[in-house]
Amino acid sequence: MTALLQVEGVGKRFGEFAAISDVTLDLRGGETLGLIGPNGAGKTTLFNMITGFLKPDAGSLRFDGAAIDRLAPAQRVARGLVRSFQKPMLFPALALRENIAMAARQHAGRGLSWWGGARATRAANDEADRLLIEAGLQHRAEARVADLAYGEQRMADLLIALALRPRLLLLDEPTAGLAPDEARRLLAIIRRHDEGTSVMLITHEVEIAFAACDRIAVLNLGRLLCLDTPAAVQAHPAVREAYLGALAA
Amino acid sequence: MSLSRLALPMAGLAAMAAVAALSGDFQLRFLAEILLIGTAVLSLDLLIGFGGLISLGHAALFGSAAYAAAIAAQHLGASLPVMLGIGIAMGTAVAALMGLVILRAGSLFLLILALLFGQIVWEICFHWREVTGGADGLRGLPPLSLGPWALGDARSLFVLAGLLALGSLGVARSFVASPLGRALIGTREQPIRMQALGYTLFSVRFRALLVAGAMAGAAGSLYPFVNLYVGPQSVHWTLSATMIIMLVIGGVGSLWGAFLGTAVYLALQTYVGAWTDRWQLCVGLLFVLTVLVMPQGLASGFLRLTRKGRTP
Amino acid sequence: MMGYAAIQVLNALSFSALLLLTGLGLSVVLSLMNFVNLAHGSFYLLGSYIAVHWLASGAPWWMAFPVAFLATALAGALLERFPLRAFYARPHLMQVLLTYGLSVIFADLMRWGFGAQILSPELPEMLQGVVFLFDMPFPLYRLFIIGAGFAMALALWLLFDRTMWGAVVRAAVSDRGIVETLGIDTRRLFAAVFMLSAGLGGLSGALGAGMLAAYPGLDEEVLILALITVVVGGLGSFGGTVLSALVVGFALTFSKVWFPEFANLAAFSAMIALLLARPNGLVAPPLRQL
Amino acid sequence: MPKHCQNDIRPGASLGRRGLLAGAAALGLARPAIAQAQPLRIGMVTSLSGPFTALGESMRAGMQLLLAQSGQAIAGRRVEFLVEDDQARPEEGVRKARKLIGQDRVDLLCGVISSGVALALRDVVTEARMPTFLLGSANDLARKAASPFILRPTKTNWMLGDTAARWTYEKVSKSKVLTVGSDYAAGREYIGDFAEGYRRLGGGIGRQLWTPLGSADFGPLLTTIASERPEVVYGFFAGSDAVRFLRQWKEYRLAGRVPLVGTGAFFDQEDVLPAVGDAALGAVNTFHQSPTAPASAAFIEAYRATGKPLPGEFSTTGYVCGQVIKAALERSNGDLADWEKTRAGLFAAPVETAFGPMPFDPRNGQAILDIHVNEVKRGEDGRMVNTVLHTYRQVRDPGIPA
């Protein structure tokens, strides 16, 4: 099985501070890869570099066999590399359906159309409604996103990403701050969509990573400690010491 | 639905017909001016109200189209479709150039870059005396015509300006409802997320600027024929600033508020100025009060009275 | 020829000093409070008018500058209380609109109060002299402006970078909550910063009056120059504003030396080119994380 | 649209007290015809905001002084004086003129400082057949843009540029003149006409410098001028530019070393000189206005009695404009209905004005003026005063080239 995403020796410094140093990892097609590590480990920085929002100082990135280092964020999205955000990043003045349709239109290649835009809009709205029904949020379709509850906003953030039908979905702490049953619902939706979609998942909650991921990468202080199956990671002494140990204590 | 959608333009047309029948020469020309400048302000609303792009160089689009039309009219005669075509082309072309310069940076950088760009256009209009007439501008233009019909009188100008304003309002509404318009709102609301959705900010904003440029250009192309004159003031940044004031008084993001704001501003300037030298104080107070008390502008004030305001 | 070049450099420096003085006032509120104050030109013009009237009154001339500073700072304090304070947390667009509207009001009020005619100050004897450089005269007053401009910049830098008060202000900017838990009233802190900025505007007006005179409309001209300076500098970093005042001052001056007829065109194009090459200004503020 | 110029003959109205009083106030010079009891509405378009604010206020004050002296009545008709602000913007000026014509129904128009506004108004007033006393000074107003409905009781730029060339060539220097000016229409005309006249006389023009309107700092330019070492500098600036240029001219020690000649507006008595101290001392300018010209003595006294300073160009022009309007109406017995006739009456003999005797050129309605050569001297009270050195009598603009 070839790797869908290859991260090769990537590094990033902010002044004196090395946020990421020499990280190499790969993500196989179809798998769910967890990315865990304590605060400040560099997880989000790595996400930002993979999705093009930050330029690495060193290393290279390949997606589906092609180098993507020079691509702008939008171009990476066009290849199927889609992310969500740690804090839900929505369009607060727009209705929930409109938020999702914004993504669906772009996926359909009609994001910037004007003439004949009505048909594109209808199709995108249908797609948005389908996702909303799936998430059980159809009754909120017309609500302004700013008026939604936090859990609903998190869900919306995920639905927006899913509307782009990603090949690789990068989720940044999707369950942070959610009640357990909300988190379960959200994870269920992710799982339902992972046919044909690979997932890279940052999370604080180790149990989620162990339950949901095929493999787990552990970052600490900008370095990759290990990348292995959940069981192997759990047994890894360095990980236990740096991360799990602290939790277990 | 379709009935109410038709109701507004019909009401607009009816109001226009009534005004055209009843008003005198001065009033009609004044209204034509309001409608033309209002159309330019409307195009600015697309940028500010929906894209969050505060351009302090919008007069450059309006004014350069006005110059282009006036210069062409001196050589080719002032045939309406030719003038409109030249104005739209010029407005779009200058907008394209402007976009390449100003759209690389955000907020205040954009404001200053637009100001500098606009002032460069002004300098060109001001210095290229052989073509633009320099500080004195161009006068003695032929009156507007369409085939055998002369359209130079106040009534025709008013009707033309009214049709252009209504048309532009329709275009603006369709733009805002279209995927492109929604994307523009997206870039204002959450530029980073837009990139994460695969939108390139530049291409969204650039297209919006082209649309605004074409609309401002169309309005600009008719403007010289209201007074058979065009001068460098129509390109100057102070007109850009005035357009922003008009827009805010009328209501940012409300589209038709652009006309309301323009009318209120120009009426204040024209009628209060006759009574007191302090008309600028009145404009300033009204403007600040609007920002403080009614940040959505007069348009939303009216709307709130009649029905619930639609979110843009 | 040496003298010619030297004098032109001094010309550029004196104009830079003026830009620096006004630009610093603007950039203090922009960088420390993230507030855009388009009424800054009004403070400048008010300072100019105060200085002109003070110098004509026969009172000790040097007092004109502290008086202009204090008077405009006071005006700033009143304005800060209402309505500006409520707009600190609003988006830039609303700040721009509010303060531009205020500047329109002030412009007309000042024209009402001070008249429409052009006023210029009677400079004291001791500032009217010249110094000769390679046989070319250069006005002493401009040396005074250069000295005052860079001295003020130094003083501000010391204030914000080297004093406890400056440290508190900077801390309050990055995290208001923490500073408040230390028992410091951040509202008063920000009010003080705003007063300082307004006072700087008035002081630069008092100093600049000898060069630019005072008349209705000058507020707008100065505002645009200050705004360009601050933006080219990168929106408010201290070093950026100093550097940009020099760059803009030299660009405007030497475009007049080399292409007097197309001075504005040349200078504007140079600034656009600069901003295109460095879209975040000369000294970009620290990167914001996503 | 001559309808509002027409005289309604309504005898009933004329018997009102107002009509009689107004008639008495007109010093009984003209016996008012019964019809003239209608008030005379005079519209003025001038700059009350924007760069020419101070000049516009002066112009209005000059006209108001004349009206006050005339008891707010001209030729037996009570005067209603309406002033509109053009902000020195042509579009604005045109709109205001149309308002005065179309809504306020004025009987005549006057005013305008900016040449741009004046040129933009030209076609509007001509089309409306509105008698207009236009006070801008672009040469074209007496040439290509002349109109039978426009009278021009003021100078053209050529009159000042050309006389300055004569004076400079004869009295100051025959070569190495450096010119410097604000780069806009008026500056181009003054300096162009100066250079043309100077060359025609055989003089040699040196470097020609232009600077954008509204220059903040003249230091670089003055340093350049100093390094050129000209025999004489001819310049044109107005308003704030003039003040800055002159003050810095002194600061850079050019004052007293290089003779400075300019147009009168550069050293305007009311607008510029009070703000520049003694920086302009010794400078020479050509102007149709001077506080020391004998013809303006009475006006100056009256103007200062209202608490104003020594008058400059635009207060005098406003006053003179009023004098010419008054003369025109008195010669036609307060009747403007036949503009042809009123105009002919005005052309028949010179009008006595504060600019001196003013005949009109019937070809273009342009006044023929005495142009004074003023030197800025220290007056008795220590103030700077434009003092007449010489007067070129009855200068006439060449008008439309044949």
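A, B, C and D are the chain letters, set down in written order, and residue numbers restart from 1 in every chain.
Keep this in mind: a contact is a pair of C-beta atoms (placed from the backbone, for glycine too) under 8 Å apart; a residue touches a chain by one contact, two chains touch by 3 or more.
Model, not experiment: these values are computed from the prediction.
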- Query: Which one of the chains is farthest from chain D, going by Cα centres?
  - Reply: A
- If you average the Cα atoms of each chain, whose average lands nearest the overall Cα average? B
- Query: Just how far, in Å, is the C-alpha centre of chain D from the one of chain C?
  - Reply: 38
- So how far apart, in whole Å, are chain A and chain B when each is placed at the average of its C-alpha atoms? 43
- Message: Quick check: how many Å separate the C-alpha centres of chain B and chain D?
- Response: 36
- Message: On a C-alpha centroid basis, what's the spacing between chain A and chain D, in Å?
- Response: 74
- Task: Check each residue of chain C and list the ones that touch at least two other chains.
- Result: 261, 264, 290
- Item | Contacts with two or more other chains, residues of chain A listed in rising order | 53, 85
- Message: By the touch rule stated above, which residues of chain D touch at least two different other chains?
- Response: 49, 183, 212
- Note on the structure: chain C residues touching chain B in their complex are 36, 83, 92-94, 96-98, 100-102, 104-105, 107-109, 112, 224, 227-228, 231-232, 235, 261-262, 264-265, 268-269, 271-272, 275-276, 279-281, 290
- Task: Provide the residue numbers of chain D that touch chain C in the complex, in ascending order.
- Result: 49-51, 53-54, 57, 183, 209-212, 214-217, 219-221, 223-224, 226-227, 239-240, 243-244, 247-248, 251-253, 270-272, 274-277
- Query: Taking the complex as given, what residues does chain A use to touch chain B?
  - Reply: 51, 53, 72-74, 77-78, 82-85, 89-94, 98, 101-103, 105-107, 110-114, 117-118, 120-121, 124, 144, 160-161, 164
- Can you check the complex and tell me which residues of chain B touch chain C? 48, 52, 54, 101, 104-105, 107-109, 111-113, 115-117, 119-120, 123-124, 127, 192, 241, 244-245, 248, 278, 280-281, 283-285, 287-288, 291-292, 295
- Counting only contacts in the complex, chain C reaches chain D at residues 4, 7-8, 11-12, 14-15, 111, 115-120, 122, 128, 130, 136-139, 141-142, 210-213, 215-218, 221, 225, 252-254, 256-257, 260-261, 263-264
